[in-house]
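Next come two complexes, and both contain chain A; in the first it sits with chain B, in the second with chain C.
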Partner chain A sequence: MAAPATPAPSRVCNVTGFTIERNGQRLALANGVVAIALLAFGGFQAILIALERQGLAISADWWYRLIASHGTTMLLFWLLFFEVAALYWGSTMLLNARMVAPRLAWANFVMMTAGVLAAQWAMLSGNATVMFTAYPPLEGHPIYYAGVLLFAVGVLIACIHFFANVVVAKRERTYEGSLPLVVYGLAAAAIIALYALGTGAVAYGMLFLNSIGLLETVDPATYRLFFWGIGHGAQQVNLAAMVAVWYALIALTVGGRPVNEGLSRVAFLLYIAFIHLGAVPHLLVDPGLGTSHRIMNTSYMLYLAVLASLIHAFSLPASIEVAQRERGFTKGMFQWLKKGPWREPGFSSLVLSIVVFGFFAGVTGVLMGTMQLNMLVHNTLFVPGHFHSTVVSGTTLAFMGISYYLVPILSQRRLVAPKMARWQPYVFAAGVFTFTVAMMFAGQLGVPRRVPELGYEAAPLGLDQFVTGPVPLIMLVVTLGGVVAIVGGIMYVYIMVMTLLKGERTETPDDGLRIAFGPAARMRAPAGEGAVETAAPTATVTADGGEQEHEHITGLKGRWRRWTRFEAPGTYLLVLIFLAWFVVFYVIAHVNLSQSWPVG
Partner chain B sequence: MAEEPTQGERELSTLLPPKDRWWERLGPDERRWLTIAFVWCLVLFSGMYVWLAVGDQQTPVESYRIDPFVFQQEVDAFVEEHQVDEIQGAAVVEPPPGSEVYLHANQFAFRPVLKLQKDETYRLLVSSTDVQHGLSLQPTNLNFQVLPGYLYVIEITPDEVGEFPIICNEFCGLGHHVMTGLIVVD
Partner chain C sequence: MSEDVSEDVGKDRGDLPWQQRMLDNLWLLIAISIVVPGILYLGWGLWELVELPTWGAR
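Then we have the complex of A and B:
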């Protein structure tokens, strides 16, 4: 191994066996800590936002400022800061490698933080109440655009740093062969981020130049196209990063890996190839685009990016199932699931986020992105309902799940309050699930997004359909679910902050967690307490052994055998149920559409 | 402290490099699911074209650039020609069935109030003269984006009688939550 000029001290992790370099560790932690602080800040705003919907708290002016800040803080700052942490972690620890330019990374960290603070000032002082979408000709203070730009450029630099780390690791032979699947997924996220942040820099750049008088006008339709390059592109970064984190959680909690890892990689390639078409789902009821353009783009080219997600939808649970069956939980269809480590926060957040993401977020996303169906939901509360189920119960929950491992391992501190950690994913998921589904119902009834109150009866030409009927009750459920979600969020932030500040320093930070991965973990496995649970050893089914067994039986009988034998039968049943659910919603949505006024 | 295992004896994991090449032959499980999933993707894709052929509700695609100043003048002329009434200070117009009808989104109102006839098709000409707005027709819940500088042509055929409020569902400033309009169908 070619030693770097001034090698940063590194250590071998007792839990995973990876070599952890000090710079990578510190940078990943620092970015992660700022991310969590931003999540806490956005969560605090969410309390006020959710309560105002019940007529409590604050003025409309402040509500708009808060929602502008909540949206920007959460969607851009929290998620991307965490992703930068994940990129540094993946490209150093998982490759036993080093940060190539740690000073640059620290400068970048400072720049991103400064950008965040600048943008927050502008939004909270009422100088940039334009929402994170910042659609022109609404105007905000130049500092707002400058802040977001600095942040976006910082993330771009971090992505490039990630690639530099990977290339140098390869050259220094700190790992052999291809990238591990998780790093591969993170690389996909970083590639998509290059595209997303590039278009974002153009969009916010135009507005910045406009705000300081250097650009006379910004065409609203052009802006929307560029903006949604980041607005939606960033969601695909979140998606790829989340899937990578899911695969990492599967390794950490049950020691699983995909039945066919190559297929999962191909799915990431499909994301990279097609997901950038995703700006157009947001423009489906805009003037200025033709039919074929809308259809091709909103379907990500024949839904090939959706195909990628469907591949993961199979591959992820199958990984869990096969690993659990190898561990001996082979009874029936679902013993593997029942005997999962449900008390392990990583496992519960993994499964909850996969299920909610798939059944609610994914399905509603595809329906909203179906050209004609989009008319029914565009800009209604259905949209926040959809994206809270993607980025909150999906991405945010997955990121919470992995931090239960990363934070102790990187900070070498014992997780405080493991009992609370056990409950946290359930509380958070239940709350988010409740308020997202309620938002979707409200959106179906026409409730608009981004309004502090539904007191339209007081407006000139007012209407009362939101004060009579079921809407008030549904909005109450939104608030109640929101409060539960916030409690779950507070639990998470508390555990993380206390672990970092007060957690007992330890060489074995997996105490209190049950980590199924790693040479150290394997060595310790049989030792009671911390060990991963296994059933009595029964005949195990292996991934490829089973198939070979049948390979030589030819003819009809062999064919029949092969077609009726499933490596992951439980998963098969689950994905078929999922597909049926998908089809039902697709049909219901079209029935709804057909009941609208004829339009065209 | 554990020894770093060498490549050969390494376990396979999502956190570790794969053995040799990463591509593996697809097993029957994957092949089956891949086929089913791809077919469903094709259904979703062709579904949009099928609905184009059989559905009555289509995404409007006709649009033009228009100078906001010109649009304002056309709206004024339209209101002058067809105004029949006034409610709460808003002009009420009754254009002839099947005609072109202007709808002006402006902070913080959709004007004029339109009186339309059931089962007649109208060409709504929608634009804004200030910022972006969201046209949300209640309670049938049809939603469109309104951009200044662009004229969006939305053909609608009201198929029920009654009062149909319009609300704005794109953030357009501090009065966003009181921005309304009205279509009356008889």
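Then we have the complex of A and C:
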């Protein structure tokens, strides 16, 4: 590979074998650190919000301020800051390339941080209690809109910088052929972000001009149309980045490769073309849009993006299964899964986020993307249940998993408290799973979202529907699950902060981790905890230099033996179970619909 | 990750199937990502809103 035209200081990573350029390393770390700080800040707000549900902590006034700040922090600031870190990491380290304009990237970092601080000030001071959606005619302080705009423009510039890095890397031939799949997934995220940030700039730009008196009025329906381009579009950026991180975690933890890389790329293409239509379900009760627009986009075009997710839903576990079987775990349907590195935080984060995202977040998302079914739960607590299972169980957990590797590798510090790291994904996932499912149950019973007091105590006419019966118990489960999730979040932040501040400087930052990729996979620790577990070689070299294949799948008896014709039979069975779950969920939802609005 | 790089490393780009060249073309992907939702979601939605008699009324 040819050297860059203007070489910057760089080093070869002992763990992965990649060339790490200093600018890319520092910028990825800086953006990642701010992201983790924002996660901690948003998590602290979540404690107060969860406790308020039991009437323990704060007033309704502060609850709305915190909901506004918590939503904006977690849905925009934390995730997009982390994604900028991932874009810089992917376009430099994974391509053995360099940052094209590091000074611009630092200026951009300062601008994004300033935007976050400005918006936070406005929200927490009570000058912009407009919630995450900021629907007009609610009015916020101009500094709020300016802050969000600065941040959005900063992310846009970071995406453009990512493309510039990729183009220059190609020209300097630091990689050949197609982009590696992980970088391709990050490129899909950056591409999706361009449209999302563009529509967001129009939406927030209208409100900013209105707030300083340069635009007399903002049409609410037009605003909502543009807003959901970023409101939901930003979550689609998360989706593509999360899938890319999943593929990276498979490579890191079990040394797996996609079973059909071309098909995985086609799935990313489907995201790029159709995933933005996932914004339409937010507008299903808007009176301005016609029925054709709603039904065409939600019940037809959106399914092309769902198809992409179904492709990944097969490809990801199949990649794990094939890698594990190649390692010798060939017995039966699920030895490959049972013998997975479950004590490795990257692997547990990977599997837990895939399972919860697929079985709960994805299925409920498709349900809410169906116009008729959406009406059952629109604006109820089911909606936060859905998006917490996507953004927290899915994206946040996946990002936590990859940071157990990126932070030590980029900072060249040994991970602090590796035993706590083993448990953290389980604690966090258990808490999030509990409160998201409880939220969905509450939403099924009609409990509204964005209401601090379910008895409407401050209203002239109270409502006891949600303060009697099963709802108080369900809301208690929401709070308890939230507290457990917050404990898991604190564990994560503690490990990251202590690693950055107190972690021992080392040339082998994978100590305490078990990486199955690159030079680290060459078993620097052939025995003991760090070793990559292997059951038996799957192939042996014969005297004539050829390979004698061992049986790829063993131990299946009776009619199950015919499943050995599949390369990944365990995954095949799992996806059939997943599809059955999908059907059951859909049938239950339609039964509920028929009981809500009987026909005839 | 980098080990995922396509088996077509070293081939001249012209030798690659058109499907792969299309998937590798970032500018085409960007265009698709803007045109498809730009028409189906934004353009169509705006057209319906502007047609409303109350659109733009104060």
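Following the convention adopted for this analysis, the second predicted complex is superposed on the first by the 550 of 600 C-alpha atoms of A that agree within 3 Å, B and C clash if a C-alpha of one lies under 4 Å from a C-alpha of the other, contacts with A are read in each partner's own complex, and residues count from 1 in each chain.
By our rule, contacts are C-beta pairs under 8 Å (C-beta built on N, C-alpha and C of every residue); 3 or more make two chains touch, one makes a residue touch a chain.
Fair warning: this is a prediction, and the values are worked out from it, not measured in the lab.
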Given the touch rule stated above, what does A:517 touch, chain B (first), chain C (second), both, or neither?
both
May I ask you to name which of chain B and chain C touches more residues of chain A?
B
Contacts for A:100 in the overlay, against chain B (first) and chain C (second): which applies, first, second, both or neither?
neither
Under the stated touch criterion, which partner chain does A:248 make contact with: chain B (first), chain C (second), both, or neither?
both
Per the contact definition in the header, classify A:181: touching chain B only (first), chain C only (second), both, or neither.
both
Figure out whether A:460 sits in contact with chain B (first) or chain C (second), or with both, or with neither.
first
With both complexes overlaid on chain A, does A:131 touch chain B (first), chain C (second), both or neither?
first
Which of chain B and chain C A:316 touches, first, second, both or neither
neither
Should A:221 be classified as contacting the first partner (chain B), the second (chain C), both, or neither?
both
Identify the partner contact of A:277: answer first if only chain B is touched, second if only chain C is, both if each is, neither if none is.
second
Could you give the residue numbers on chain A that contact chain B in one complex and chain C in the other?
16, 94, 96, 175-182, 219, 221, 247-248, 251-252, 257-258, 261-262, 265, 283, 288-290, 517
Considering only the defined contacts, which chain A positions touch chain C in the complex?
16, 18, 94-96, 163, 166, 175-182, 187-188, 191-192, 194-195, 198-199, 216-217, 219, 221-222, 225-226, 229, 247-248, 251-252, 257-258, 261-262, 265-266, 269, 272-274, 276-277, 279-280, 283, 288-290, 293, 296-297, 301, 517
Could you please specify the touching residues of chain A with respect to chain B in the complex?
12, 14, 16-17, 19, 60-61, 64, 94, 96, 129-131, 133, 135-138, 175-182, 219-221, 224, 247-248, 250-252, 255-263, 265, 283-291, 294-295, 299, 302-304, 306-307, 310-311, 314, 318-319, 366, 370-372, 374-380, 444-446, 448-456, 458-463, 465, 517-520, 522-523, 544, 547, 562-563, 565-568, 572, 575, 579, 582-583, 586, 590, 593-594, 596-600
Give the list of chain C residues in touch with chain A in this complex.
1-6, 8-11, 19-20, 23-24, 26, 29-30, 32-34, 36-38, 40-42, 44-46, 48-49, 52, 55-56, 58
Under the touch definition given earlier, write down the residues of chain B that touch chain A in their complex.
1-5, 7, 11-24, 26-30, 33-34, 36-38, 40-42, 44-45, 47-49, 51-52, 55-61, 63-64, 87-90, 109, 113, 121, 130-132, 134, 136-145, 147-152, 154-160, 165, 167-174, 176-182
